[in-house]
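This is the structure I want to talk about, given as structure tokens.
Per-chain numbering from 1; labels A, B, C and D assigned in written order.
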Amino acid sequence: MTKSYSGLRILREGLRNHKGWGAAWRSPNPGPEYDVIIIGGGGHGLATAYYLARTHGVSRVAVLEKGWLGGGNTGRNTTAIRSNYYYPESAALYDLSLKLYEGLSRELNYNVMLSQRGMLVLSHSEPEMELAARVVNAMQINGIDAELLDAKEVKRRAPLLNARADARFPIHGAIWQGRAGTARHDAVAWGYARGADALGVDIIQNCEVTGFLMEAGVCKGVETSRGRIRAGRVGAAVAGHSSVLADMAGYRLPIQSYALQAFVSEPIKPVIDTIAFSPSYGAYFSQSDKGGLVIGGGLDRVPSYGQRGNQPMQEAVLSGLVELAPALAKVKLLRHWAGIVDVTPDSSPIIGPSGVEGIYLNCGWGTGGFKAIPAGGYLFAHLLATGQHHQIGRPFDLGRFQTGRLIDEGAASGIEH
Amino acid sequence: MTGFRAPARGLIDRNRILSFRFDGRAYYGCAGDTVVSALLANGVRVMGRSFKYHRPRGAWSSWFDDPNAVFAIRLNGHELPNCPGATTELQDGMEVRSVNAFPSARFDLKSALDLGHRFLPAGFYYKTFMWPDWHLFEPTIRRMAGLGKLEMSEIDGYVSDQTHDACDLLVVGGGPSGIAAARAAAERGMSVVLVEDHDALGGSGLQVARIEDRDMAVWMREQIAAFQAAGGQILSRTTAFGVYDHQLVALIQQRGFGRGPRLIRMRAQRCVLAAGALDRPVTFGNNDRPGVMSLAGACDLLARYGVLAGQRIAVMAPHSQAAAQIEMLRDAGATMTEVAPDGPARALGGKRLRGLRVGDQTYGCDTILTSAGMMPVLHLWRHAGGKLSWDSTASAFVPASGPDWMTAVGGANGTFDLADALIEARAVAVGDDRPKRLCAYQAHPPEVVLTDKSRQWVDFQNDVTVKDIEIAARENYVSVEHLKRYTTLGMATDQGKTSNIPGLSTMASLRGKSIPETGTTTFRPPFVPVPLELYRGAHRGQQFHPLKRLCLEHRHRAAGAALGEYGGWLRPGWYGGDTPQDAIQREIAMVRHSAGVMDASPLGKIEVMGPDAEQFVNFIYYNTIATLKPGFIRYGFMLTEGGIVYDDGVIARIDQNRFVISCSSSHVEGVSAMLEAWRQDGNDPDRIFVHDTTLNWPTITVTGPKARDILRRLDLGVDLSPDAFGHMQMREGRFQAAPARIARVSFTGEVSYEISVPVAQAQALWDAALEVGAEHGAGPLGLEAVSVMRAEKGYVIIGKDTDGETMPHDLGFSIPRLKKKAAFVGDRALHTENATRPDRRRFVGLKVPDGDPMLPVSAHIVTRGQGGPSSCGYVSSSYLSPTLGHPIALAHLDQTQATEGTEVELLHLGQTRRAIVTAPCFFDPKGERLHA
Amino acid sequence: MRDDSARWDPAAGLDREAFQTPAVTLKILRPNRQTLISGPYPAALQCANVETATGWPEAALGDHYAVRLRRDRILVINGDALSDGWHAAKGVAVSDMTGGYAMLALGGPKAFDLLRRGTEITPDAASKSVLRGFHGYPVMLYSHGAGQFRLHIPSAMVDGFWSLLADLARQLE
Amino acid sequence: MQKFPCPFCGLRDEREFRFAAEAGKRRPDTTRDISARDWSDHLHVVRNPLGATREIWVHMPCQEYFVMARDTAAMTVLDVEPLRKETV
């Protein structure tokens, strides 16, 4: 067990020139067999491993990561965390996640810098205000903190935003969730990794899965770039590349891969103290603790696995952002990049059996995977440990595409989540 | 006095003196200076403070690789934040302030932070601030962080210009190799564009006296003249900042301080990368002191701005190109001491350098110039998907395999010798093989050794030291991305241009691995920071999402219309009135008693023609259309394949082979596209044609008990008597000798006629209808009144009274679902488990107990269980009906709760209401007025 | 409920002065007729009584001509009036669109530079169709003789499109 | 910004195109019984391969629907053909 982190320990290490810090996690070689193998060392995979060991006492667990842990969408997103959802099913899932986030730094003894600075979802017309009220009512009925703000209150909370009446999309008001916020994305992956490692989980980086070990139609393990590894159950948490694994193992998914871009500006002194999202302008942003504006928008229009930005979408998102906050015109863009996300027909995730015995799925998170990491891990661990759905996870089973019971937030609120 | 202006050197205009202020003090520079060169010429060394420890920092270099000199600059009443001083051209009257420092860069109160540095190691914040809660500490930390302060005002006229361009060959970099390559290609008849980020071409060539046996300036002039004579185009002050898919290179052209830059989306058949190379800093003790600078940077300062970086200069530059550079500086009057970095080295002194100590030797100096070797600038190469390989004699990453349309030459290719570079550039430019280099280049960067004596700096702006990297390694954050993210190495505004390689080599030597084994991080666009305005350009204001405009708008304005945005159009919501409410109530009363005249032009008029048109529309519609007779109209839905109601509207059959689809205004493009998709997929496209004629046929609707009387006076040449022209029928008539199409359909519940005429007749028809109408007490009618009246009738507005879950049977239209034989879009999805679930929502009406106010739209209808309230529906429309004199509402409600007469509970923003379920139609349920 | 009349400059439609700068000139044209004809290309040409339908970069000449919109659709400028509807004998569908499109003439030394700001276009990249996206607007764009261009834009968008062209023209140096 | 070849218009930039669907699906005869699984496969399931794929795209200005073979990782266009039968 690595020694625990604290301010005091930093002082002590400071005096002895930081000679006492140990590895945050080991770099073990793969063992021959595990109870559970999780493919994908991103936030969801690492959180799953952590809760398997922590909550279900399953300690013979390996996380197999093709590259470096947290290197997928966990390390590429815009770090927003929220549970401002319309349907009870979504609300239960994402609020479980938010609740777990609220205790995460202390649980993991690793500061993930959860910053509950609140989130504005802006409305720019009377019909949008009606939709906003409908969402706020649904959230309150679902037991989630929500307020409907008028234009004056929005201006008070975010004076940076374009409050002019002659703006193309004048601000009429907003949905406010105070508990929403941001967290340091890398820290979430690293914290779970350190926690899982301490509980005996083998985190194996640079280990690519090249095939599945099938016996009589049942998956008994995986072939990897570092040899064959047997397992009781295999969980796939490889958002963005879920279809690639599916093709390898012989199950099929209702998932299309798209690049989702993100942008960060040069650091400036604090200009906005919340997350602001304008569906009409097609952009949202917040400001990191380092001072950079972290900016996001919609999916690229071309389905792809190419992890790079596409210019038309950059221009759409950034012009929308500057219309939303005109003072930002002078701020310089420092870096932009893209992650590959799984997009399902209803933009809701898939948690459940894959259709191939022995293989289970955690995928389809679309643009919203980061905020769901703790819940995704928690529910997936439950599924892998027991073979049964947790009740919060059940509605997200693959079966919904046959029953037609989709969970499409866009359908209800007109706002794609 | 350290740095100073050497006589008679550089490209500056010494006769044009510019005055400016830095941190409040007045200084002078010359036209052609950058802010950094001017400050150095004035002997100013301390230009900024570092991000974390607020250490004093001076310029490291003379161009985009300088991470230290970052300023807030004010000119003509406007301030730009975080201006890189090394690339900002000096202008008269500039007010320059250092960022992240108070009161000034020289004396910064926060520099006290540096004393506590040993307690702020890499990643310290991951290990603390957990109790009681991070959010307690965060505000303070956020205020400390960030560089410049953003002025909230907008700069008027700060508008970027965006354009597209294309060329056979794009040459990036206007140094000798770039110029030679560009000329060679242009003279072969290619269209060539040469981009250079400085104002003047020349690059590193400006540092030599002669090129190819000519005086340097003469050589430049000749080459440039020949290039332009061959049709070549030069873009100066222009930086290629990103390479995107399909050979698109994004260029930013500066148009002056405070003016929006130009974005050129350049589509290049081929690209020659001649971006040169940068100095790799030597990593040694206190190497962040002001006065420790890049050797090449110092030479560039001298060559361009006539600024000598110091007087007594110690140089640590263990590579084979250094000698000439040292000679150049000595020649300009500095005393140069060459020092071999063959032991632990340390800079002596504080804000003012005293010397350099290597091993047990001390060398007195006021300036230290270092270069551990030259690093080819390969960002664009990596953007384009090019690979890198490690050249161990050059100790640098050089281009390996890459895209066939891009090649690197000169310094960017590791060809540092000028003669070699020119031969290579000319050959590569015209597609010949790369010649062998004649002159060998070697660099012997000193090994980084961990020491507790002094801090050795790797990322100057973000304060990352060798010790921080050692901690990251110790804690197993060894992958390059982990190292970068854990220590913030390379995340500064220079994006690692100076720190990446030193960071990698440090990690490599700490782990006893080679640099290629340790890896390299991906370079991401933009190559240099670009203002967000660059991406906006004309995508602003009304152009951000323009509205469609009615051809009668001037008439509506004249009639006192209140215009609003409806389904992508600017349309009259109501006319006149003291308050909207008054006006709307008055218009409703007018229609119910006499008539209203409305501009319904945006209503879709999509013609479907051809021998297969009938079976085609029968497939597109939920309802059966095949049985529709010419001259008749049918109301129907279009569904998605998921069974969701996408649009409602009427379809008229003009003759056997011709239908007109009148979809809702906001769906005209969508419906046309959907029709076209099905037409080309699974149908014979030569037997079906779809014309969207909406804009050719403005539509005036006359609705109300007096509608027929009004139409009679318009001489449409159509028998209007009820038996001759019934509800849901259409006729072709004429108005003023032009064709007119009259459809008897109603959205108000009153007798209504939609008259469509060509644009040329629209105004005459509108005027005539109003003139005649006036005699009957009829007048103009806006959309708001109509949406109340249609609610009184229980008619849905798609998107308001339906959402992405609504299926036709939820709205009470079940027969086609159960009876229609032919296939239609969405049919199968109407029989999934979800489509047949017992608790599906049903479209209902709601009325409130007598005396209660109207229900709020979006209120949820709830049932109470042990787990608290749960939603079983919501209010989609709600009005105070003037016709009925009481509030009415439309809602979607779980059909198990939806029996008429049931009382339901509603929640809205914490308040509770009650209502009684009714049928959705509140007015004239038998439709007597409609069929009158 | 809001009255946004003031937020939007009154629509002038086709009644507007020509726009002139040293760089470009822009004016409204009013053809007698614009007719949409869909059907197999030869049948459409025959019905329109024209030899060919212009694409890019070749130039349309004179007053009566056709431009190619789709594989199976042309727009005829001026020419004889045809009856709307399905012409069974010819196998073509006809619709009058005279009022459906505003027609603009663009000229001046920087006319092409202006066009490049709205769409990725080069003089040599041939295209059978004159339809293209222009800064988000659906336009028809073709040459009408050296340095002269014509644009058709859905009539409901002409106000926005005109002011866009004016904004872009200001950027020309 | 990618360039796609419309089979009718030739090369245009990606802003003029819209992705419609994966190629190769046929709408089942919905007048017959179709199992929930088969319908869901038709409506929702896709191959979504990394690498070579065939998709249906539409060139919005000229409304040409066509099949485009492209590489989803390299972002290269391999081949295009009209969805409808060719006519001059």
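Just so it is clear, contacts are C-beta pairs under 8 Å (C-beta built on N, C-alpha and C of every residue); 3 or more make two chains touch, one makes a residue touch a chain.
Predicted, not measured: the structure shown is a model, and the values here were computed from it.
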Selected interface, A-D versus B-D, where C-beta contact pairs are more numerous: A-D
Chain centre separation in whole Å, for subunit C relative to subunit B (CA means): 29
Could you give the separation in Å between the centres of subunit A and subunit C, each centre being the mean of its C-alpha atoms? 47
Which residues of subunit D are in contact with two or more other chains? 1-2, 15, 36, 39, 43, 60, 63, 75, 84, 87
Where in subunit B do residues touch two or more of the other chains? 162, 244-245, 248, 265, 267, 539, 542, 565, 642, 685-686, 829, 832-833
Considering subunit A alone, which of its residues make contact with at least two other chains? 306, 310-311, 402-403
Building nodes from the protein chains and edges from chain pairs that touch, which of line, ring, star, complete or other describes the result? complete
The answer for subunit A against subunit B in the complex is residues 5-7, 9-11, 13-15, 17-18, 21-27, 67-68, 70-71, 75, 88, 105-106, 109-111, 113-117, 125, 127, 130-131, 133-134, 136-138, 140-141, 143, 148, 159-160, 168-169, 184, 186-187, 190-191, 205, 265-271, 280-281, 287, 289-291, 306, 308-311, 314-316, 318-323, 326-337, 402-406, 408, 410-412, 414
Contacts from subunit C onto subunit A in the complex sit at residues 1-2, 7
Considering only the defined contacts, which subunit D positions touch subunit A in the complex? 1-2, 14-15, 18-19, 36-37, 39-41, 43-50, 55, 72-75
Would you tell me which residues of subunit C are touching subunit B in their complex? 1-5, 8-11, 13, 36, 38-40, 72, 84-86, 88, 91, 93, 95-101, 113, 116-117, 119-122, 135-137, 154-161, 163-164, 167-168, 171
In their shared complex, at which residues does subunit B touch subunit A? 51, 80-82, 118-119, 121, 124-131, 134-135, 138, 141-143, 145-155, 158, 162, 244-245, 248, 250, 265, 452, 467, 470-471, 474-477, 479, 481-482, 485-486, 488, 491, 493, 495, 524-526, 529-537, 539-542, 544-545, 565, 642-644, 800, 803-805, 829, 832-835, 837, 856-860, 862, 868-871, 874, 907-910
